[in-house]
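Each structure below is given as C-alpha cells.
Across the two complexes that follow, chain A remains constant while its partner is chain B and subsequently chain C.
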Partner chain A sequence: GYLTDVSVSARPTADIISTVEFNHSGELLATGDKGGRVVIFQQETENKSQSQWRSEYNVYSTFQSHEPEFDYLKSLEIEEKINKIRWLPQKNAAQFLLSTNDKTIKLWKISERDKRPEGYNLKEEDGRYRDAATITTLRVPVFRPMDLMVEASPRRVFANAHTYHINSISVNSDNETYLSADDLRINLWHLEITDRSFNIVDIKPANMEELTEVITAAEFHPHQCNTFVYSSSKGTIRLCDMRASALCDKHSKLFEEPEDPSNRSFFSEIISSISDVKFSHNGRYMMTRDYLSVKIWDLNMENRPVETYQVHEYLRSKLCSLYENDCIFDKFECCWNGNDSVVMTGSYNNFFRMLDRSQRRDVTLEASRESCKPRQVLKPRRVCAGGKRKKDEISVDSLDFNKKILHTAWHPQENIIAVATTNNLYIFQEKVN
Partner chain B sequence: MFSKGTKRKFSDGDEEISDESLVGARVASSYSLQRQSLLDMSLIKLQLCHMLVEPNLCRSVLIANTVRQIQEEMTHDGSWHMVTEAFCGPGQSPSERLVATEVLCRSREQDAEPKLFSVISYEGCREEEVVADETLCSVSVSDTVSNVCLAGRIGQCWEKSELSGVERDEEALEDSRLGSGEDEEIDTEDGASTESPKTTGQVFGTFEIKNSSPAPDSALEELFSDVDTSYYDLDTMLTGMQSAPKMGPYDILDSLAPSHSSPSIVSTPKCRSDLNELDHIMEIIVGS
Partner chain C sequence: MDVEAKRIMALSISKLYSLRTQRGGLCLHRSLLLSMTMRAARDIYHTAQLLRDAEEEQVVPCAPDAAIEEPMEISKDSPQTLTPKEVAMKHQEPKETVEDDKENQCASERHSRKRRSKTAIEPDFLPLKKAKMDTDEEKQHLQGEVLRTNNGNSCRQAETLTAFPTNRAVVAC
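Entry: the complex of A and B
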C-alpha cells in the first residue's frame, strides 16, 4: 500500500481550509474553514465493479457551523474558524459530527430527505389553507419522492467550558463521551449533556508567570475508552488512564525522547513542540508531528520513539528565518493510512510527504494545479539542500513558505487521500492498474 | 535580517574558533550579535498584537521561553552587563532612561482607557496602537530601551483577564525594577545562574498586580524626587509592609502589594541585589 500513482481532483475553496476529516466509512469527507463553514463531500464511485474504478467526491452539504463572536468581558473577538471536525460512528440513517472553534463545540446532525408528504386535507400543496367549507372528502396524506435534500441541524451546543483556545476534540470509543482540549485544560463531555463537563487535565499553574508549557493536542485511544493522550509544547506526550483518578494530572506514562545535544540551539524547544498526535488504527502505536519530523511511538516504550522520519530536514539550517517569519510555529498535522503501514504529513511549497513504514520508503509529492493534471500520475519531488542542484530538484531557497499543507486526511479503507492547500482541496486516488 | 541561506549556528559558534584569537573574537561577537538580534526579535514578537483576536498562547509561551533561554545564557557569560550598558546609550545616563520611560508611561496613560489597557497587556491590542507605542519609544529612548519596555510585557501575555487595569505607577514600578535588574551587578550574582534570569523573573512577577488604585501625577513625581533611598525598599513595596514611616507615595505602591504573594518576588536573594541597584540608580538621579 504505497501510493505511487494517483489521479486527482482539485476544487477551489471559498476560504482557507482549517480542518479535513473522513468519516468512519470514508464515504463522507468534511472540511472546515476559516469562515466557520463546514463543507461535506460525498464519495461517488463509477465502475466500482471493474478493476479500474474511480471515486469522485462531490459536495453533499454546506452549512455555517460557527459565527464570529465577541467576548465583551475581554474585549476580544472569538474567531469562527473551525479548528477541528470529528465524526461520530454512524448509528442510524443520519450522520453526526462535532465541529469546534476556539471556544464552542457543536454537534451537528446531517440527514437526508428524499420524500415529502403530499395530500393534506386542510392545506393546499403550496401551503395555503383550504376553506374548510369546501372540503367534502378525506384522504390520507402519502409520501412522495422528491429531490434529495441534505439538511444539517445543530443538535447540541457545548459552550463556556474553555478559557483558552480549543485545539482538539476526540470522540471516545464508548460513543457516549468525548474530550475537548485547550492550551491548559482538557474536559470530558457526555454527548447528551451540554451544561456540564468534567475537567480531567489541568496544567494551569497557580502563578501564570510560571507557565512554560501548554497542551497542543489530545486524543482518545481508539479501543480503550479509559485511555487518552495529550501532547505538549515541550515535546512530551502523556498517556492518562481515567480509571486512576478523576483528575488525570498525573500521567500513567510519559513519552519523551532525550534531546540530541549536538543539535541544540535556541530553537530546540520550539521545534520539539508537538503539533499533532494520532493513535494508529490498531491502537498499538501513536504518531507525533513536531516541526521537522514525524515520530512513531510504541505505547509500551516511553523513553524513545520506535521510528523517526525527517519531513524536511533541509529546514534545520533555516530556523532563524523561519522564526522571523513565524513559520516555525506552523502546526502540521499527520495521519495514518487504513492499515497503519503508511503515514502522511504536509510541508511547504505545497509539498506533502508519504512515509512508508513497512517498505522504508518515502516520497515527496506536490499538490498544485501545475503539477496535477486529472488522471495523471504525480511526480515525486526532491529538494536540494545545498551544493549542486540536480535537474528537477528545487532548492531550499526557492521554496514558497506561504504555500503550506497543514491538513491532510486518509480514507480509512481505501488509498484515497485529501490534501488541503491554502486555496484548494485536492483529492488523490491511487491508480490501480 | 540575515541573508537567506546563511547557515546560523547559535549553539556552536564558539567551537569554530581557529588558532587566531582575532577570528575567534569575531566569531564570538558575531554570535553575540545574532543572539542579541534574536532577543530583540523575540521581544517584538511578544509585543505585537493581532487586532482584536486573542493571541496564540502556545506561540507566546514558546517565544517567552526562548527569551528566557537567551537571557540565561547572556547572564552566564556576562554579556547581560554589556546589554545594560547599551541601554544607557552613549551619553545617556540611567536616569535619563528611567525618566524617558516614565514619560512613555505617562503619555500612554492619556489614551482612552481600553487603549491603554490593551497596549500594556499585549493581548487584544490593535496594531496601530503598538506602532504608536514604538513611536513613543523611539522618540524618547533608544531602540534597545524599547526592548526593555517590551520585555516588561512578557508576563502579561498570559492572561489579559487577570488584569483589571494597569496604571502608570505600576509601569514606573516595572521600569524601575527593570532598570535595577539590568545593572552591572547582575552578572556577578551567584544566585542568578541557578535561577531564572532576574529580569524575566521580575517582569513576570510584576504582572501579578491586580486591582490597583489609580495614582495621581503628583505621586509619581514625588516618587522620583525623593532623596531617601530607603523608600525604594523593594520588599517593603511588594509586601505592603512599612518598616518605617514613609511618605504619601508609598501608600499607592502599598496598594499593589496584596497580589505579590509570590515567593519568587519577595523571598529570593535577587530582590536584595535589585534593591542595591535601584539605590544606585536613585543616587544617580538625585545626584547625591
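Entry: the complex of A and C
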C-alpha cells in the first residue's frame, strides 16, 4: 500500500537539511544541516498494541557538530555543512554516530541522563559548600530521578586525512572500522584510532590534467566486511575486495552499462554521473542513482543493471535549462525499504518517487504543507510531459526546481519514511487498514 | 547547432569562473563535469567553424590568414581526450580566427593588453621599477616588429599564454 498518514516534524532551526539517516532500530532519526548542526528525533509510538498505531518523531537532541574552519595554507574556507551521518550499531545504553563535513569526521556519543546524585554531605543541593562544623550526621548520597537530559559529546575527531571533499562515510559490518571517501581517495579508519588511516583507493592521476573521473559515493557491503563499492562520475561502480591487496585500485568487479547512443547530448556525461550508491539490506543487490534514473544491479552481473526506473524522464528534453540553473548538478540520494521490495528517491517540486520492485508499480508523492494534512492520505501526483494536460496533472514547466528532495530515508523495519525538503523534514507512515 | 554549442561553451566557462569564488573551496567534481561539457561543446562548435570557414574560403579567396590558421589548429588538436588546460587554451583560438582582421588592425590595443599581462606576471616588489618599464617597452617594440612581419601568428600564440586560468581550477588541488 501507499505510504500515507502524516506527522510533520518541523525542525527547530530553519537551515537547509543536508543528510537524513535512521539508526539501526529506527527509533532515532538524525538530520544534518548546512549550518553544521545535527538534530536527532526519537520515535514515540501511541497505541502500539492496537492495529492502528501512530508514530511521532520528536526532537531528542540537538548539537553543533561542525564549525566553519579556515585552511590558512590554501586560503580556503572549510564549510561546516554536514555531508553525511552514519549510525553505529548500538552496543550499550549510549548511541554513537559518525558525522562528517568536507574534511573532518567526528564520532559523537549520545547518552541519556535521567537521574542525578543527591544528598551529599559536604555540599548543598545547589552546590554550595556546607560549613563542616554544622554536619552532625553522615548519609549516603542516592540517585534520584530527574528530567531527561540528552547529552552529545564528541568522542573522536578524525581529521587531516582528506585533501579533497569527503562525500561518503560507511561503517563496516565488523563494527570496528569505517571508510571515508573523497573525490579521489578512500581511506579506512579504525574507530578507536584517530591519528592514522589507511588509504585503500587512490585514483588521483600523476598529472591532474589527465583527470577524467572522480569518486562520487562509497559504501561497505552490509555483511561482507572485506567488500565495498564506490561509484564514479562516469557512471561506473567498482566493487573491491580488501583481501586482494592493500591498495584496492584494481577492482574485483566493474559495473557499467553501455551508453544508449540515441540519448547522446552535451550533457550525457553529467547525467550519467552517479550521485548515490546503496547496497540492499540482503547484500545481493545495489542501487545507483544518476540524474534521471535509478538502477538496481545484481552483484553477480556486471554488464548491465537488472532493473532501471525512470525518475523524471520528462526532464530529458530540459537538460539545457537545467544546466543553466545548475539543477543538473543536484545529487539525489536513494534508499531501500526494510525488505528490499521498494526503493525511494526524490525529485523536484517537492515530489518523491516510490518504486515497487515486486509489484512493478511506481508512485509520485508530494511533501508539502499544502498537500499534507496530518492523518490524511497522500494523493499520487502526475506530471504531464507534453501535449494535453489532464486534470490534476502538473505540467513540466510549472515544476518548482527550487523545491528539491535530495535526501530520503526509510525506517529499517517499519513502513515509515523521512523525506527532507529544503528546510523541513516530513515523516510519513503507512496506513494499515 | 553550433550556436547552441557556443552558448554552452560560454555558459560553462562562466560557471567555472564562479566556482572559484564559492565558499568551501573548489568543487573538483563539478569543475570536471563543467570542463567536459565545455570540451564537448567546443568540439561541436569548432567542427562547425571549420566547415563554415572551408565554405568561406571557397567563396572569398582573399582571406589567406584564415586559411593558414585553420591547418595549424587542426594539427594542434589531438583526437584524444583534451585536458581541461588544453581546452582552456584552445577556447581562445576559435574566437581569434573570427576576429583575426580585428587583431591585425587593433595592434595598439594588443600592445596595451600585453603590457597588462606582463606586469601581472612580474612581481611588484622589484626595486628597479624604472628599468623594468624600459624592458617592457623594449619587449613591446620587439613584439611589434614580430607582429608586422608574421601576420599576427606569433601574436596569437602570445595571446594564448594569457588564456584564462581554467586549468588552474583543476590543477591546483
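The rule is short, and it goes like this: the second predicted complex is superposed on the first by the 420 of 433 C-alpha atoms of A that agree within 3 Å, B and C clash if a C-alpha of one lies under 4 Å from a C-alpha of the other, contacts with A are read in each partner's own complex, and residues count from 1 in each chain.
As a working rule, contacts are C-beta pairs under 8 Å (C-beta built on N, C-alpha and C of every residue); 3 or more make two chains touch, one makes a residue touch a chain.
As the structure is a prediction and not an experimental result, all values here were calculated from the model.
Trainee: Superposed on chain A, are chain B and chain C clashing or fitting side by side?
Mentor: Once chain A is superposed (C-alpha atoms), there is a clash between chain B and chain C.
Trainee: Scan A:214 for contacts with chain B and chain C and give back first, second, both or neither.
Mentor: In the superposition, A:214 touches chain B and chain C alike.
Trainee: Residues of chain A touched: more by chain B or chain C?
Mentor: When the residues of chain A touched by each partner are counted, B comes out ahead.
Trainee: Determine, under the contact definition given at the top, whether A:72 touches first (chain B), second (chain C), both, or neither.
Mentor: Touch status of A:72: no partner.
Trainee: In the superposed arrangement, which partner chain does A:397 touch: chain B (first), chain C (second), both, or neither?
Mentor: A:397 sits against chain B, while chain C stays out of touch.
Trainee: Once the structures are superposed on A, label A:320 by its partner contacts, choosing first (chain B), second (chain C), both or neither.
Mentor: Both chain B and chain C are touched by A:320.
Trainee: Scan A:165 for contacts with chain B and chain C and give back first, second, both or neither.
Mentor: Touch partners of A:165: chain B and chain C.
Trainee: Identify the partner contact of A:129: answer first if only chain B is touched, second if only chain C is, both if each is, neither if none is.
Mentor: A:129 contacts neither chain B nor chain C.
Trainee: Can you list the residues of chain A that meet both chain B and chain C?
Mentor: Dual-contact residues (chain A): 74, 76-79, 102, 163-165, 183-184, 208-214, 216, 233, 266-267, 269-270, 273, 320, 323-324, 326, 329.
Trainee: In the complex, go through chain A and note every residue touching chain C.
Mentor: Contact set of chain A toward chain C: 71, 74, 76-79, 81, 102, 163-165, 183-184, 208-214, 216, 233, 266-267, 269-270, 273, 320, 323-324, 326, 329.
Trainee: Applying the document's contact rule, which stretches of chain C touch chain A when the two form their complex?
Mentor: Listed in rising order, the residues of chain C that touch chain A are 4-5, 8, 11, 15, 23-25, 27-30, 32-33, 36-37, 40-41, 44, 81, 83-86, 167, 170-171, 173.
Trainee: Over in the complex, which chain A residues touch chain B? Could you list them?
Mentor: 73-79, 102, 163-165, 183-184, 207-214, 216, 233, 264-267, 269-270, 273, 317-321, 323-324, 326, 329, 396-397
Trainee: If we count contacts the way the header does, which residues on chain B are in touch with chain A in the complex?
Mentor: Residues 1-2, 4-5, 7-11, 34-35, 38, 41, 45, 51-54, 56-59, 61-62, 64-66, 69-70, 114, 118, 123-124, 155, 158-162, 204-205, 207-208, 262, 264.
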